[in-house]
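Okay, so subunit A shows up in both of these, paired with subunit B first and subunit C after.
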Partner chain A sequence: MTPARSSSAAGVYGLGSDIIRNLRKDFRVEFRSRFALNIAVSFAAIVTIAMSLTAGGAPFPAAVQSILLWTVIFFSAMNGLSHIFVREEDQATALFLRVSVTTDSIFISKSIFNQVFMMILLIVITPLFVFFLQVNVIHIAFFILSVAAGGIAIAAATTILAAMVAKAGGKGSLFTIISFPVLLPILWVSINSTTGALRQTAPSYDNPVFLLAFSGFISVISFLLFRSVWLED
Partner chain B sequence: MNSAHYILNATGLARAFNRIPLFTGLDITVKTGESFCVTGPNGSGKSTLLKILAGLLSPSAGSVTYTADAVIPRDEWPAHIGYTGPMVNPYDELTARENIEFACRRESDPGRGHALLDHFGLSRHGDKKLKHYSSGMKQRLKIIIALVNDAPVLILDEPGTNLDDGGNDLLAAALDEVRKQKIILIATNDAREEQLCGGGVRLG
Partner chain C sequence: MSIKTIALKSVYILMPATILLAFLWAPPAAILGDSSRIMYFHVPLAWVSILAFIVSGILSVAYLADKKGRFHGLVETSYNSAVIGFVFTILTVITGSIWAKISWGVFWNWDPRETSIVIVLIIYIAYFSLQGALAGNENRGRIGSSYLVIAMITLPFFAFLVPRIYPSLHPDPIINKDRTVHLDAAMLTTLLVAILSFSLLYAYILFLMKRITTLKKRIGDYHAAD
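On to the complex of A and B.
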């Protein structure tokens, strides 16, 4: 072991390098197969258009529109967010991943991947939903902030759950079931926040701030717990 | 490559699954320039022992240490060990070059991957996705992945699986080239691979 390797600066550079290598690999694999993204976007498009046709052009109240938006986001995301870890176990690449990059970098890179995946999903779903369900957004900037904060919170909370489901040999349905109780408060606050953006009264910033703070808190806790979830003993 | 002299020291190693002992009381010492072979019938714990020595599993009893200039913390073992085995599966959606690029650590020589692809006869197929590879070609790539970082400890679990005679010769040549600078640990039931090692242990 050289002194350079053991220094904290080398450790940070090594962690950064591992994160970049793993992200590059994950994006290559995902965008070549487009498995998770195809399923999530197809689900979102089908459900949104189905709701629009069923409503027959009748506008829903703001609270109902908000609930429907987060229902579509939740189930679309559940189809894809677990994939990043489940794929490693399904395709038996988990050991190659483990011997190639550090455990900490696996969690950080998979978290970043899930956040990017969620943002792509939101960028596709939200305009689609607003258009087809004729949503009248009063506070546009606050609406974008609410949707983004809710998405960040969902991705942050589900990354560690995806690792647990993958290690348990579970598939998508197990992920959706165990995620629901954890995501319930996030969905609750996200719905309230989004509803505020659809009403005339000035919205409160408490909800998006809570969502972002919750995301930070759960990301740190997940990072600390990840080692015991991911490593065999 | 790190020029430090490495010593692997395992004492009293035991591993049990569901309270059934797989092996007990194993003492192993291997130094840089030495190679060590683990043999035994199927299910005797060869892969488990190598995983323990690679830091991928914990022993039920006993301890493993790697010493270079100082004892290396277990967290840092992966940076010092090149490991491959039947369960190390590269990504089918990536090409061989992309898999090697992923396996190649920051401090490693990027040119080494190309040289190894050439040595193992995969240069022409380097830009093909792995899903189009034969099992023998995948095995050659797995060996390249273990060698690419030029790690001072090389742990190979059944490296000759699916290799043809040419592949086995290339493996032997690659190991001969690095033998003096590394600790080499091999698990095998193949007599030719046993001959690549200086000593060893038989399990079961």
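On to the complex of A and C.
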């Protein structure tokens, strides 16, 4: 099956208007129920409070705090990022979407949605984590940059994986299973980066630069592959 | 008999030769002693684990690029290569753990090279989980291939970058900072023969699996026509 209009025929203006239309629809549907956001934020809050409670105020070293932060972010993201595509399949709107708008506009709009979703998640999780786990952030601007760069990379890498999981019926923990190997380099570098922000020594900007470069690279690869995942024979 | 068949059948000579060379000809390593002989099996297994993954990834790219469907069976070969790679990765982990226990006193210590092979194992598991979840889906081949391409992006990071950046307890006999070979000539010869034998074994199993897939398809077509 091919989309009703090709990207080249619709032109840049057509692509832009398709993206805005998709985004408007996605935000309206999501924030009407706030299902994915509620689940992801609630999960993050529960895990952070549980960690703080079980730790009983014991101070953790910078590396452990960083690992715990990214563990919370990873699992919270896994609870919500696949929803954007799984919902289309669950509500049987995927076929309508496939024939009414171009594949490129679908990928770009879903990517933007996931980036916004991830940023909202980070805005909630990070202060909560810093507050409950008594994290002493030395380099505040670098810490924000590290968390933001890691979040951008996670959202960029998982958008196409969410489409794959939706095609598989959104089964259970499949999204976490297939995302984990792809997200490992991101988590590895993000942990190093945020650890640097919690220490006295001047942090290296190599880590956030790597994360942003990785985001750009994986977004391009995902954009090229999306047609193979989204369109049906 | 074609060159391909001769090359594949040579595995019947090279595999026993590898075993003989590893246990009888190659000298024991200076500090590790006879336990070092596991290297002639562990290193080729690790090599084939990565080779099979790269072959799967390249075939996936070719399958996705082949819009006209000119090359049949690419996706099956890619899947078969991943199956072989998965088994070889498990064997790599097992032989590596045994060697680690003898050399370092523990079965596992998250050495960068141990980490990288576990990542490859997790990628294989994730790929098979996705393939299993997509059973019956007409786009199974394309989605699975797309996932392998995405997963392949992370491979250089863990298989080549991390083991060279972070300090490792692993010996680096061939690829190291000095760019010199730190192995005795007999040991190096045995290792190279072992790598060649295991690579041919991988190719031979892949060839046999392709024949099985073709036969299964023919039987399916026969029953469908019946």
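The working rule: the second predicted complex is superposed on the first by the 222 of 233 C-alpha atoms of A that agree within 3 Å, B and C clash if a C-alpha of one lies under 4 Å from a C-alpha of the other, contacts with A are read in each partner's own complex, and residues count from 1 in each chain.
Please note the rule applied: a residue touches a chain if its C-beta (ideal position, glycine included) is under 8 Å from a C-beta of that chain, and two chains touch if they have at least 3 such contacts.
Bear in mind that the values here come from a model prediction, so they are computed numbers and not experimental data.
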First (subunit B), second (subunit C), both or neither touched by A:13: first
Touched partner set for A:99, first subunit B, second subunit C, both or neither: first
Touched partner set for A:205, first subunit B, second subunit C, both or neither: neither
Which superposed partner A:164 touches (first subunit B, second subunit C, both, neither): second
Contacts of A:184 with subunit B and subunit C, given as first, second, both or neither: second
First, second, both or neither for A:232, with subunit B first and subunit C second: both
Which superposed partner A:29 touches (first subunit B, second subunit C, both, neither): first
Touching partner for A:131 - first (subunit B), second (subunit C), both, neither: neither
Subunit B versus subunit C as contact partner of A:174, first or second or both or neither: second
Shared contact residues on subunit A - subunit B and subunit C: 232-233
Interfacial residue positions of subunit C with respect to subunit A in the complex: 64, 119, 122-123, 125-127, 129-130, 133-134, 137-139, 142-143, 145-147, 149-151, 153-154, 157-158
In the complex, subunit A residues that touch subunit C: 157, 160-161, 164-165, 167-169, 171, 174, 177-178, 180-182, 184-185, 217-218, 221-222, 225, 228-229, 232-233
Residue ranges of subunit A in contact with subunit B within the complex: 1-2, 5-6, 13-14, 17-18, 21-22, 24-25, 28-29, 32-33, 91-93, 95-96, 98-100, 102, 232-233
Contacting residues of subunit B [partner subunit A, same complex]: 2, 4, 54, 56-58, 68-70, 72, 76, 78-81, 83, 85, 87-94, 98, 101-107, 145
